[in-house]
Amino acid sequence: MKTKVIWFLLPSLLVMSISAFLPVMTVLNYSLHVLFPGSIPQYVGLQNFKDALADAKLINAMRRQFIYTIEILLIQIPLGLALALTLPRRGIFVGLVLVLLGIPLLIPWNVVGIMWRLFVRSDIGVLPAAFARIGLAYSVESAGDAWWTIVIMDVWHWTPLVTLLCYAGLQAIPQEFYQAAKVDAASKVATFRYVTLPKLRHVLIIAVLLRCMDSFKVYDEPFILTAGGPGSSTELLSMYVSRQAIGAFNMGLSSAMSLVYFIIVLVLCYVLYIAMSKIGERK
Amino acid sequence: MKGKTIILIIYFILLLIPIYWMVNTSFKTNFEIGRMITLVPDKGTSDNYLKIFTSPIWMKSFGQTLLYVFINVAIVLVTAVPAAYAFSRFKFRGSQHLFFWLLTNRMAPGAAFLVPMFTLFSALRLFDTLMAVSLAHCLFNLPLAIWILEGFMRGIPKQIDETAFIDGYSFFRFFRKIFLPLIKQGIGVTAFFCFMFSWVELLLSRTLTSVGVKPVTVAMTRSLGAGGWDYGVIAAAGVLTMIPGAVVVYFVRNYIVKGFAMGRV
Amino acid sequence: MATIELVDIKHTYVKARTETHALRGINLTFKDGCPSALLGPSGCGKTTLLNILSGLLKPTSGRVLFNGKDVTDLETEQRNIAQVFQFPVVYDSMDVYGNFAFPLKNRGASHSEVEKRVREVADLLDLSNELRASPRSLGAGQRQLLALGRCLVRKDTAVVLLDEPMTQIDVHQRWYLRRELSKVQSSLNVTMIYVTHDQYEALTFAERVMVMKDGLVIQEGTPEELYQNPQTPFVGYFIGTPGMNVLECELEGDFLVFRGFKKYLSPGLRKRIQSRGTRFTIGIRPEFIHCELKKQENWSPLEVSIIEDRGEFNILTLTVKDISLKSQVPGTLKVTEGDQVWVNFLEEKIKFYKNDQLIN
C-alpha cells in the first residue's frame, strides 16, 4: 500500500509545484542575485535582504501595517464579541440575523473597495455630504481621514467573522454554568468574567490570530479605495511589496522584499498552527 | 423594545448602508452621480445594467472569469480528492509536514508571488491565458480543498473501504460508486469555497493577464470611458458580482443556522 | 436545611400541539437532613421533577413547600437550593479556594468568615491540600466534589439536588465519590435529593428511595423495603442486580402452571391466593430460586443456558421453552452450560401480583 500513496498525491504535487513551489524557489533564487532586465544576474548573497531591511519605504510600510493590524484587532474583537452577546440564540430571527451577518463576508473583496469608494469620495459619495450636513469636514483625500476610513472599512467588512465565531462559541457553553452562577448569586459582570470569558478563550484566540493573519495580507479593498494615498499614508505592506514587484528595476531586491514579507506571514501562520493544535489537545 | 434589539437594529442598518448606496448608484445616470447626492435616484435608469449586458467587453469579461473559475474548481477537485484521500487513509512519514506546508500556501500573500509567477507563466508561454489564472489560483485553493475534504473523509469509517475491497470492488469502482456519494456534501462545500475565492481574487488574476483575458475584477478597476471612472456602470457591475454570493448564502442558510444552533464551532 | 414537600405536582409539556404528561400527580415529602433518591428509568419524569424543585420550571399545577413555605412561584436564586449536575460545573479560571469562596463573596461575607468556612468545607471533602490548585489539575471525581463543596459553603442552603452526578465519573472512581457524598451528608445532616436511573447508586446512598415510572411515584420506602416488598413487578424487576424474575402463571389445582414447567403449592398458600382468581404475575428473586443437579421431588427441570461468575456465587440463566429466569447459586455448584438442573422456588418469598399490585 505504501507505494500507492504517491500516486494519490502526485497530481496535487504537480499542480502545487507550478503554482507554489517553483515560484517560491524562483523568488529565493532571485533574492540572492542582482538582476536588471536584459543583464546577467550576479550573485550577491544576502545583500538584497540587507538593502530591503534598510529601505525606508519598506520599514514605513511595515510600521503602518503593524499599526493597522493592532487598531483593527482592538476594534473588531471587542465589537464582534459584544455583538455576539446581543444576538438571539433561539427563535425565528436566528436565521435572518446569521444571513445578514454573512453578507459582508461574501462580497468579492474588490467590490467592497468599490462600494466604499462610491460611498466616501468627495464628488460622488453620500458620506462626505452627510458629514457636511452636520457641520463636520471629511475628505478621503486627506491623510488622516483616509487612514481611519480604511480602518472602518475593514471593521465593516470583517467584524461579522469575529461575531460569528463568538456566537458559535457562546452556543457551546452549557446552560448549567449559568444556572450555577445564578445560584451562586453572581452579578452579570462576575458571570461574564468567570463563566463566559473563560469558556470563549479558544474561540477568541482563533479570531485574533485569523484576523491578524488576514489583515497582514489585505490588498484589494484599501488599494481600490485609496491606492495607498494620499502620498503613501495608507500604503500597507502588501501594497508596497506588489508595487515594487511589478514596477521593479532590480528584481533581486523586490524578490528579497517579497520574501521578507512572506516570512513575516509564515511566522504568524506557524504561531497560529501551534496555538490551534494546543487548543485541540486541551479538549 | 429591549436594548439588545435596538443595538442590533442599529448595527444592521450601518451594515447595509454602503450596500444600499452602491445599489442606489447603479440605477443613476453618471450625470446625476457626479452632480448631486440623492438618496433615491432622481431619474432612475437601468442604462448601466444595459450597458453591461450589451457591452461585448463586459460580457466577455464575465464569461472569461466564470470560465477560468470553473476550470480552477475542476482542476482543484480532481487533484484534491485523491490527495485528501491519501492524507485521511494512509499514515505516511512526513504527512504532517506536508499538510502544514500546504496550509502555508493558503496563507501566502499573493504579493510575494507576483514576480516569479509572472516569469514562470511567461516562460511556459501561458501568460495572458485562462489556464494561467486557473493554475495560479490553485496556490490557495488546492490546499484549502485538501484541508476541507480531508475533514469530511475523516468522518467516513475505514471499514467501508475495507468491506468494499473484500467484496471484490476494484478501487476505482469503490471510489466512484461508494466513496464519492458519501462525501458529496464535502465536495459541494469545497467547490463553493474555491469558486468564491477564485471569483474574488484580484492581484494574481490581474498580473497574469493583459489583453486577451480580462477578469471581471480588472474590468471593474479600469475606466471604460475616456473621462475617468464610469461609476454608474461600475456600481452596476459591483451589484452583479454580489449576486453569486447572495444566492449561495440563501441556499446554505439552513446549514449555517443548524450548525451554529447545535453548538458546534 | 429544610423539609421539602411536593403537593399534587402535575406537569404537562406542550410542543407543536402534542401534549406530554411528564408528571401526573406527585405527592412527596423529603425530610430535613435525610438522604433521598428519586429512582427511575429515563423518561419517567425525574428530571422534570428536579427542575421543578430547583425553580427552573414552574409546574402546571401543584405546590412546592420548603419548611412549610410556598416557594412555587419563587425563582431559583430565591430558593437557596444548590445543585450538582451531570458534569462538574466548576469555575476553571479560579483556584479551588476561589471556587469555594465565590458564593460567599458574592453575598458580601467578610474575609475571615470566608476563610473559616472554606477551610471547613475543604477539610470535609479532603481537598485541603488542593486549595491553591487549578480545577483543571483535578480528576473528574474531585471536580464533582468541588461542585458539591460550593453548594455547601453557604449555611442557608435548604437542599442539595444531585442530578446523576456519576455520569462522567470513571466506574473505578465512583465508590470514592459515593463514600465522600455519604460522609458529607451524615456529618452535615444535609437534605440531599439524588436523582438517578442506577438502582445501585440509589440504594447505596439513600435512606429513602422513591421509584418513579411514567410520571408517577410507584413506591416509596427504605432500600430494604423496596427490595423485600416490591409493590409492583416493575419495582421488583428494576431493583437488584440482577432484578426479580417476573413470570406469568395460572393456578390449576395444586400447581402454579408456567409455560414449560409447574410448581407445587402448599395448601396454605393456595388458599390465600385462590380467592383472587386464577391468573397471576409472580415475582421471585434469583437468590430464592434453588437449583440441584439431582432430581428432587416436585421440583422442575430447566436447562442452564448461561453461567455468570460473580465470585462467591454464580448467576445461572435457566431456560425452558421460551421462558428464562435467573437463579443465584453458590459457586460450589458444579454446572456447565447445557446441563439440566432441578429448580424450586422458596414459597414464602414468592410475590404475587394481580393487575400490577402486590397481593400478598
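Lettered A, B and C in written order, each chain numbered from 1.
As a convention for this text, a contact is a pair of C-beta atoms (placed from the backbone, for glycine too) under 8 Å apart; a residue touches a chain by one contact, two chains touch by 3 or more.
None of these values were measured; they are calculated from a predicted model.
When chain pairs are compared by their number of contacting C-beta pairs, A-B comes first.
Across the assembly, the mean Cα position most removed from that of subunit A is the one of C. Taking the mean of the C-alpha atoms as each chain's centre, subunit B and subunit C sit 58 Å apart.
Centre to centre, using the average C-alpha position, subunit A and subunit C are separated by 57 Å.
Remark: subunit A and subunit B have CA centroids separated by 17 Å (rounded to whole angstrom). Only residues 54, 56, 76-77, 81-83, 85, 87, 89, 91-94, 102-103, 106-107, 147, 150 of subunit C touch subunit A when the two sit together in their complex. By the touch criterion given at the top, residues 4, 7-8, 11-12, 14-19, 21-22, 25, 33-34, 37, 39, 75, 78-80, 82-83, 85-86, 90, 92, 98, 100, 102-105, 107-117, 119-120, 135-139, 142-143, 146, 196, 199-200, 202-203, 207, 217, 220-221, 231, 234-235, 238, 241-242, 245-246, 248-250, 253-254, 256-257, 259-265 of subunit B touch subunit A in their complex. Those residues of subunit A that touch subunit B in the complex are listed here as 1-2, 4-5, 7-9, 11-12, 14-16, 18-20, 22-27, 30, 83, 86-87, 90, 94-95, 97-100, 102-104, 106-111, 114-116, 118-119, 123-126, 129, 156, 160, 164-165, 167-169, 171-172, 203, 213, 216-217, 219-220, 223-224, 238-239, 241-242, 245-246, 248, 251, 254-255, 258-259, 261-262, 265-266, 269, 273.
Remark: subunit A residues 174, 176-177, 179-180, 182-187, 190, 194-195, 197-198 touch subunit C in the complex.
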